[in-house]
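Next, two complexes with chain A in common: one pairs it with chain B, the other with chain C.
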Partner chain A sequence: MSDIPGQLRYTKNHEWVRLEVDGSATVGITDHAQELLGDIVFIELPETGKHVAGGTEVAVVESVKAAADVYAPLSGVVTEVNQAAADAPESVNETPYDAWLFRMSPDNAADFGALADAVAYRQMLGD
Partner chain B sequence: MPFIPHTPEDVSAMLDAIGVGGIDNLFDEIPAGLLNGSLPNVPEALNEMQVARLMTERAEADGRYLSFLGAGAYEHHIPAAVWQLATRGEFYTSYTPYQAEASQGTLQLVYEWQSMMASLTGMDVSNASLYDGATAFAEAVLMAVRANRNEAHRVLVPSSLHPHYRATLKTIVGQHGIAVVEIPFDTESGRIDRDALEAAAAEPFAALAIAQPNFFGVLEEPDALTDWAHGKNALVIGVSNPMALALVKPAGEWGSAGADLACGDAQPFGIPLSGGGPYLGYLCCKQALVRQMPGRIVGATTDLDGRPGYTLTLQAREQHIRRAKATSNICTNQGLMVTASAIHLSLLGLKGLESAAAASHAGCRKLLEKLIAIPGVEPVFASPFFHEAVIRLPVPVAGVLEKLLQQKMLGGLDIVPYYPELGHALLVCVTETKTSDNLDQFSDALANAIKESPC
Partner chain C sequence: MIKQTILNTNHHLLHARMVEFCGWEMPLHYGSQIEEHHAVRGDCGMFDISHMCAVDVTGLDARAFLLRLLANNVARLHQPGRALYSCMLNEDGGVLDDLILYYLDDRRYRMVVNACTTDQDLAWMGARLTEWALDVALAPRHDLAMLAVQGPHAREQVWQVLPEVQAATAGLAPFSCAETETLFVARTGYTGEDGFEISLPTARVQAVWQALLGAGVRPCGLGARDTLRLEAGMNLYGQDMDENVSPLDASLAWTVDLSDERDFVGRAALLARPRQCQLLGLVLRTPGVLRAGQGVRTAHGAGVITSGTFSPTMHRAIAFARLPLQVAVGEEVQVAIRDQYSAATVVKPPFVRGGKILINLS
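Let's turn to the complex of A and B:
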């Protein structure tokens, strides 16, 4: 059974989202996603300073058996990327909820509330 | 052995087992409107003797000419050992076996070829080859557009780059909504027109292509062009006859950072002219772009016992994993051509390559001197060149070539259809295969043909 922390929000594409005190949103991929992908070998991070619409592809996570797109969970501007995760892709396998991929400044903070909570995400997975 | 080993009994047993009336019924799912139906233009099968006769007739129809024709396909000496080895049973197959557990020899050979191409072009990575130089160029443009984060769907391509490469490029990238902006050449030097280039850069562009040498055989000044393009946040694609790279600075070393991509046709390395193909394209890039590389890449690794081994690598770029989002629809390479090309390069070595390239260049210089001594013949461009050059005749080119053909000579390419602005322009090429006598024969024959031509 996947680890699904209660304080985070989730998307159907298996991204997790954490709302920070400064109003920014931190994004990574879930434990379930990293498990399906297997050993991650490469991460292509988005460009900072760019406005992206929610649901568009912004990053790529590549494992030994697949390459998966990571989608922006919200509309907003990408403000920061986690170069440490790109430098050590295996960290996403080891600690998916620490090894975040990027941060964004959402256009509309209320969009965060519309994302699935842990209970809804667990239901999505059918766990 | 028959290509399909099943007897009619095998087939009916299998159809019975799955309860289907006939083989055609297996394709019922395909709507009738999509089926091709009969193929009236496909001739009846021929037996081996008939095929041998047909091929002999066709080969004889080609004839044997003293050739000064280059323009993208070059006649070089191929050591006898090249095809003797390439056609050994261990290598000779129409299919490239990629299974690491069964194909270490082939994989190592491809790896060595990649290493040699990367070192020749001054790049970090090479793929396992593409169909030909023109498709390799189109793939390089697609790579550059994907990789360039300025998101411009616009590339600058000199009109002095091979006309066939430009045509192929437009066919392929046109479907991707990428605009190909052609940059004219300076009519004095034959090089990229810098003013026109500057004007085209008013809007953002993803990449600048630089042909070195260009279609006219002229050597560009790629250092300044590369730094200029990088200053505009664009990538640089070097398109080269790889034989020239034995003498001139390779794309990976242009300017302060080097070009980002290098591509072209590796036909000059061990592949006969063969009426235009099969050849093999090469595509090399800097490490940063490797995940945008289309096609196969062979990597070196170690097995569980620590022994060296070879295997396909970075396959997540490819169709069978990334499906519609793969870097390319190309999922294969020119296996047999790579085999010959790798053997050719190994036999020549860098020294052999340098002397073949130097002899070609020296031959071209010598021929040019002879040709411009003919009354009315003049060089078109005043720039350094590799082993090809454009000359202008005092009379129409087509008639002159026809007269040379009657004397069993291919006098070069009439480039009037491609560049009418250059007048009676003829592109000639010399490789190390031509002797001093050959050069005299050609210049005498050309002088006579011009004399006999109506102005």
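Let's turn to the complex of A and C:
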């Protein structure tokens, strides 16, 4: 059974989202996603400063066997990327909820509330 | 209905991630395919390869049948116990399958064919047998399971668990096999490392698997099998060649014996159609992963990647690519990865053998 922390929000594409005190949103991929992918060997991070629409592909996570797109969970501007994760892709397998991929400044803070909570995400997974 | 090997419950007990492969439920990995890969390169790993089929070819005309059936020349097998890698071609010179043939005696051979092609291989061979009216029996050995134990410490681990085979296999040369009363042991594999492939009665395989586990042999899945064979420069049937590809275009010319007048299936087509392209290796010069199907831009025209992965040994993406004949080893080409081109260097596989990186990039 996947690890699904209660304080995070989730997308159907298996990203997790954490709302920070400054109003930014931190994004990574879930434990379920990393487990499905297997050993992650390459991460392509988004460009910072770019405005992206919610639901568009902004990053790529590649394991030995497959490539998976990572989608922006919200509309907004990408403000920061986690180069440490790209430098050590296996960290996403090991600690998916620490090895975040990027931060964004949402256009509309209320969008966060529309994302699935842990209970809803677990139901999505059928766990 | 998906097929299961006799070791299926053992894989589930080890929490393997199971996938469907050619109609069989097989382990992809048991947690980390990269760690499994490293275990085989540095120590010892084992694979359940019972989805592959051993076929015994016996009878007065066994040799005559194989001389005509296979693109490689069975006459190259001088000593019982020797093995031969060969393609089986159709009349158009396309590859129906690639296989290993073991020479047991003049009336007895064993071949091991791919899981995906077993049914069509048996149908094809049966039809040729009827057509040629030869005295040969074909017996698929569904009563056998197969294990590949691979790595620099593979042989000693096998001897520890199966002391009965040590006498028969201690002096066994690479690409040879030996039989005991119930076991068939070959010093062959699909990883580029030393080791054995063992055929044994299905009733015994679970105990042997458990004993190897107990001895510290790491179970490995299809994921590691693929990265290991790619590093070792070994083609995968259905990906690097198939019935529409000539072995001459798939870097398998060394397995086709055209040196004498021997008339084998596909010979006329190969002679009528010289090499059209070549299969070479690529090493990506930038971060990223090479994948089958990615286009390759060269100074001499377009090519395509047939197998690609991330090499755990080299920490770089590597691939096999079908390229125009004019492309030379050492040239730089461009690979289309998503929306951009990335530089790769053309190399001659294998990339890794015997635990050592063989590609020296300047």
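Please note the rule applied: the second predicted complex is superposed on the first by the 127 of 127 C-alpha atoms of A that agree within 3 Å, B and C clash if a C-alpha of one lies under 4 Å from a C-alpha of the other, contacts with A are read in each partner's own complex, and residues count from 1 in each chain.
Methods note: a residue touches a chain if its C-beta (ideal position, glycine included) is under 8 Å from a C-beta of that chain, and two chains touch if they have at least 3 such contacts.
Quick caveat: nothing in here was measured; it's all calculated off a predicted structure.
Of the two partner chains, chain B is the only one touched by A:Glu47; chain C is not.
In the superposed model, A:Ala114 makes contact with neither chain B nor chain C. Using the contact criterion defined above for the overlaid structures, shared-chain residue A:Gly38 touches chain C, although it does not reach chain B. Of the two partner chains placed around the shared chain by superposition, chain B and chain C are both touched by A:Glu62.
Chain A uses residues 42, 44, 62, 64-65, 67 to touch chain B in one structure and chain C in the other.
Residues 149, 291, 316-317, 321-322, 325 of chain B are the ones touching chain A in the complex. Those residues of chain A that touch chain B in the shared complex are 42, 44, 47, 62-67, 69.
Residues 17, 28-29, 32-34, 223, 227, 287-289, 291, 309-310, 312, 317, 338 of chain C are the ones touching chain A in the complex.
Remark: chain A residues 38-39, 41-42, 44, 60, 62, 64-65, 67, 93 touch chain C in the complex.
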